[in-house]
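As written, the chains take the letters A, B, C, D and E, and residue 1 is the first residue of each chain.
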Amino acid sequence: MVEFFAQLRARGASFRLSKGAFHRISAILTVLILIVIFSVASPAFSSTNNAMTILLQTSVIGMLGIGLTLVIITGGIDLSVGSVLALAGTVTGLVIKAGVPVLPAMFIGVAVGALCGLINGFVVTKMRITPFVATLGMMMMARGVALELTGAAPVSRLGESFSILGQGRLFRIVGEGPHGLPSVVFPGIPYPAILLLLVALSVAYLLRRRATGRHIYATGSNEEAARLAGVKVDRTKIIAYTLSGALAGLAGIVLMSRLGTAQPNEGVMYELDAIAAAVIGGASLMGGVGTIGGTIIGAFIIGILRNGLNMAGVSSFIQQIIIGFVVIVAVYIDQMRNRR
Amino acid sequence: MSKPSKNATPLVDMKNIEKHFGGVVAVNNVSANLYAGEVVGLLGHNGAGKSCLMRILSGAMTPNEGVISVNGEKVELKSPLDARDLGIETIYQTLALANHLNAPSNLFLGRELKTPFGNLDDKRMLEESRQVLHRLNPNFKNLLDPVSSLSGGQRQVIAIARAIYFNVKILIMDEPTAALGPSETAMVSELIQELKNQGIGIFLVSHDMHDVFDLCDRVMVMNKGRNVGTHHIEDVTKDDVLSLIIKGELPGGWTPGKKEAVQ
Amino acid sequence: GEIAVIVKTTNSNFWMNVDRGANAALEGQSEFTYTFSGPESETAIANQINLVENAVNRGVSGIVLAPSDPEALVPAVRQAYENGIPVVIIDSELSEAADGYYQSFLSTNNCAAGELVAENMIEQVGTSGKVAVMSYVAGAGSEIGRVGCFTDYLAEHSDLEIVGPFYSQSQMGTALNQTTDVLSANSDLVGIFGANEPTAVGMGRALAQSDNNDGIVAFGFDGNEDLQDLVRYGVLNGIAVQGSFQMGEMGVRAIMDFLQGNAIDEFIDTGVVLVTPDNIDEPEAQNVLY
Amino acid sequence: MVEFFAQLRARGASFRLSKGAFHRISAILTVLILIVIFSVASPAFSSTNNAMTILLQTSVIGMLGIGLTLVIITGGIDLSVGSVLALAGTVTGLVIKAGVPVLPAMFIGVAVGALCGLINGFVVTKMRITPFVATLGMMMMARGVALELTGAAPVSRLGESFSILGQGRLFRIVGEGPHGLPSVVFPGIPYPAILLLLVALSVAYLLRRRATGRHIYATGSNEEAARLAGVKVDRTKIIAYTLSGALAGLAGIVLMSRLGTAQPNEGVMYELDAIAAAVIGGASLMGGVGTIGGTIIGAFIIGILRNGLNMAGVSSFIQQIIIGFVVIVAVYIDQMRNRR
Amino acid sequence: MSKPSKNATPLVDMKNIEKHFGGVVAVNNVSANLYAGEVVGLLGHNGAGKSCLMRILSGAMTPNEGVISVNGEKVELKSPLDARDLGIETIYQTLALANHLNAPSNLFLGRELKTPFGNLDDKRMLEESRQVLHRLNPNFKNLLDPVSSLSGGQRQVIAIARAIYFNVKILIMDEPTAALGPSETAMVSELIQELKNQGIGIFLVSHDMHDVFDLCDRVMVMNKGRNVGTHHIEDVTKDDVLSLIIKGELPGGWTPGKKEAVQ
């Protein structure tokens, strides 16, 4: 009897593993193929330096993608992340200009993002407006507010400390080159990449190990069933949208810190890249399906593609065509997999 | 179990419940009650309003009119959560399962077992589900598959398990055996007996006259939204009930059996 | 009366600077008011036409227009003419089909500005090597002149090899990423040109953050605080700055002059100044910086 | 007996009418309220001239919205219409430049749009890729192709006859004013508005009176059920996407004709306006619900809002905020209505 | 109707059908046939594979292995349309209705009535539906409501009406009465008799032993994906069938009744 159950569990576990692993392996394979192609096309592509650059460049889309994954699993969508990113970044900039120190200012920025997300969540749940429309409205409003606050001008001269988050690097090793000039031995891991890792781990923990995560899946899978089972569906959705907003705010601060300037025009169409990352990573826009690991891989597929095509000097028009095509093919491969 | 005395406080007392949809009156001034350890069968033609009445009691639908008391106290059931907190569990006619989750996740949905740190205790949930599901259907093995890939009957078993696993006082079963095979149906009948002996009150919506006469203490018939009669099972014959269901009234010249009708 | 100032987009510091100039022109008088509008991006030409038509419908006294497209705006300008509304064109030219329908044209010659940068580029890097072009929106009116003449000039007067152009869509973050990628892919780069404000800022940041930027000659375009700082710190060797403030100020003045019955010039050059670390504190530069 | 059925039918009919009428009335009310507010804010708003301008300005979004309505009813979405509009317009321009007469060139443009839609339909049905992703890919690819074909430069000097469709007007009456100068008595009805009306009528006929229309609703309502009932679900969807593409092509030609030049950069984010129009008009992104009349009203709500805010001299940043807000409120009112 | 001779061509002949889902074998080498004017009951525990087998015959699922012949000719059923063209109609266990459309639109979905100009003839569709629905359920009145607002039983009636309205030769009914009230169930039984007399072959999936013994000529039992026996109804008792369903074999010492088992 005991043996039987052990077997049962083993079977279940192995099934789970094999399915998850299958997914991962195929997506990682796509990444590897891209890396091989681009390494051949441009030798500089496969340098440590460029690897760190890709980590850095992908971190903003990665953060937005993680937030979107939460929302997408509930069966929703968040079109406002690009605008919220800009609003949070400019508010941070303005607050610093007004004399608030950098760290509290950054918290204010994240709070602004979370507030936008909270409003999205309320509009979706309490006013019962389709997420597409609710967040489309927020997309326009957040951008309008960011532009109005700054008069469309970038907020500049925010000081050195504002740039640390976006431009700093961990384990940077600079040796001494010939003629006593410095020479970079290891370019260092960019702080944004580390932040992305931390965010990914915490959200993955939330989704897998906490009741809230389970409820997010249940809500997206069958909202009525979840409600009847006593899941606070509205609360669950509001949490998802608020987290998405907060992560957009965080991404905004990281981006603006990288730029050293708070730009109210930044982040246009970023939502599409973030959604593409989540969907390439296996999230279903019908709800109920999606993982953080998958989204991260999806974000890297897009990031590597952009970086590699730039490195290879491909015309930006052709780049658009290629990226559009790869998005469809990547999702197609994912579908094939699920159909067994 | 002996018939509960008329003077004990009923577990559930629904008074003058009404529910409209636009022009459609789904539930029309219906009163009903349920005592501890009693099974009340709810019958009626299709569209008579049975499911609506039950959904109102389970907090999934709010009535336009009417008062509900549980254990003699007036309650407001604004959400399934309110009902659940009062020990009201429901097996819905349209099985309410989250298709992408597996059986244990569905069973414990909304009241997950947790480790001391507040993390989900998937291992314990799996073992518990295995036990309760095994009792209802010994063939149920693919516990870790998403329930979307299970057969209709397997899904039904999960829905039943979910209702009885927790501390249930009032159980609503909306056609629980419609999708079940004969052995599973027998299991459910046994289960109803057992729960009843534990003092749980059960509303059983069913179209199966045999089941109703086997299991129920009282039978209540709805016709076009109205309650057309509540009777002790000893007072009526199958033909009486059929007449109530179809015509909305007892056959001409009907007199109660040994005992008086409750209402 | 109302003077409608309609620019290519309001979502840009450059055009908001035109707004500031227009505002300054109206100081100290009460006869005229102005409204400032523009579509959400420089490529939303149909929306700009809508704005002109709306201004005509509400019967404004004059229009200052920065047309996003040389041809598409012609019918709208003609419509204004037919309704007796004077129009002054700023920044970008209209095609000859519009000749006679507007009163004056004020502009920096974008093509000349592109050539000016190219000339300085050749001066500093010589005539061989690779030069990267970081552009903004492909095919936008000013981009054609600015970037087109820059590359043409290089092709004519040197053997410099062009890398790109890359288009940032005026997104600073995109420009930053693209420049980083170009720098690591082309370690032998000798020069780089960022063709408008957000692009030049993003490019400047990438240069400052890169480990292999030694000896790359960089030029930007436009002149906000960020770009001024980048010039001061020596990240950029120079920025070409147009008189955007002047465009707004002189454009509105021209309309007011016309309405008051004075004659105005058919073409007014608002100029371009190459601001370098050497001249950045000189008055000629300070006049155009914002 | 006969009487009973008559009654039955009357009840059904009146129910239908009352629901439809309710919807229309509330939406038209929104339009009227907007008109009243803007007329007060700016007297020029309510002139005949401006009314015709609004008709003209709304026609492009109206056409895109009609195409999107078809796709949305099937439960899909089409993000590519803005890019397809640009591609169709530029191809038309290039073909005219190559010497093809204007009319056949325009047909080629519409055909290019239809082809893009057909590809969308195939990717959605045969490759089974979520419409969001499929049309996102097409959005990037169509834009890339339009830019690559033209080198990002507008295609100019297409001749007078190219401009007739977009700039011509029916019943234009020009009298003689003082000093012998012309004076416009009636500005005329813009051709694009007439085209919009024709398109709306034909598509409404398709949806209401033809089996294909019924199948479009059935597919969006319950795809599996439609398939089991023998509806050619794939074919139905492909028709919807192809029509959406063709209408985007038509809208592109109308727009480019208005501009007098073919612009590869036109139409960015138009898809969002078109989707907003359909949704304000009562279409549900879950599929199965939507009408052409509603979408037209939705398009006019957006068009009047844009025009009226411009006329009232509202800053474009504030405009964005207001439009975002109104989109949400309009949909909210629609929801309220449905909840009775 | 007399029992069809063993030598006549069967209406449907399914041979060695197999269907896997990943590791799960839903249908395991099953053969079955159906003659004109015959009702074959299909029984089995939950998850036995009944619905899968029927979906394969209705073209909604493609088998991994096996051959299907209709009227002696080998056919390939790639889509429900293929099956429909052969006169195979199906009432699915999960009622396949388009929720936003009304009853007539659902009834005629995929084969709408049209005017000479090819326009939809909504008026005629309404009248026809009224007639056929009225026959199954005289209380069915809200024909122009979207079916999402109808009760489970009303929806079932539409699904049944859709299958019998058109020129059906082979009818598959997957638990058609599970959601029906007693009077509606009686109506369906009558209907089955009638269709049978018209020479239509019927597969009836059901969990109700009474119904099966009342209506069927033969009974086929599935257990864990396999066909564990097809018998003439006269040859077996309810207990025999129960044993087949639950254990997958006949009770020890069973011998056929008056006649030999078919297989």
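The criterion applied here is as follows: a contact is a pair of C-beta atoms (placed from the backbone, for glycine too) under 8 Å apart; a residue touches a chain by one contact, two chains touch by 3 or more.
Just so it is clear, the structure is predicted and the values come from calculations on it, not from any experiment.
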item	value
Subunit C to subunit E, fewest steps along touching chains	2
Farthest chain (mean CA position) relative to subunit B	C
Centroid distance [mean C-alpha coordinates] between subunit E and subunit D, Å	45
Subunit C and subunit D, separation of their C-alpha mean positions in angstrom	34
Centroid spacing, where centroids are CA-atom means, of subunit B and subunit C in whole angstrom	73
Computed distance of Cα centres, subunit E from subunit A, in Å	50
Two or more partner chains touched - positions in subunit C	10, 138, 167
Per-residue overlap in subunit D, given as positions that touch at least 2 other chains	15, 147, 152, 315, 317, 320
In subunit E, residues with contacts to at least two other chains	none
For the subunit A and subunit D complex, residues of the former touching the latter	77, 79, 123, 127-130, 132-134, 136-141, 143-145, 147-148, 152, 272, 275-276, 279, 284-286, 315, 317-321, 323-325, 327-328, 331-332, 335, 339
Complex contact set, residues of subunit A against subunit B	5, 8-9, 11-13, 15-16, 208-211, 213-215, 217-218, 220-222, 224-232, 288-289
Residue ranges of subunit C in contact with subunit A within the complex	10-13, 15-16, 138, 163-167, 169-173, 176-178, 180-182, 184-185, 187, 198, 201-202, 205, 209, 211, 224-226, 229
Subunit A residues within the subunit C interface of the complex	42, 44-45, 47, 49-50, 53, 57, 60, 147, 151-154, 156-157, 167, 184, 187, 255, 258-261, 263-268, 306-307, 310-313, 316-317
Subunit B to subunit E touching residues, read off their complex	21, 24, 43-48, 51, 93-94, 137, 139, 142, 149-154, 156-157, 175, 178-185, 207, 209, 224, 242, 245-246
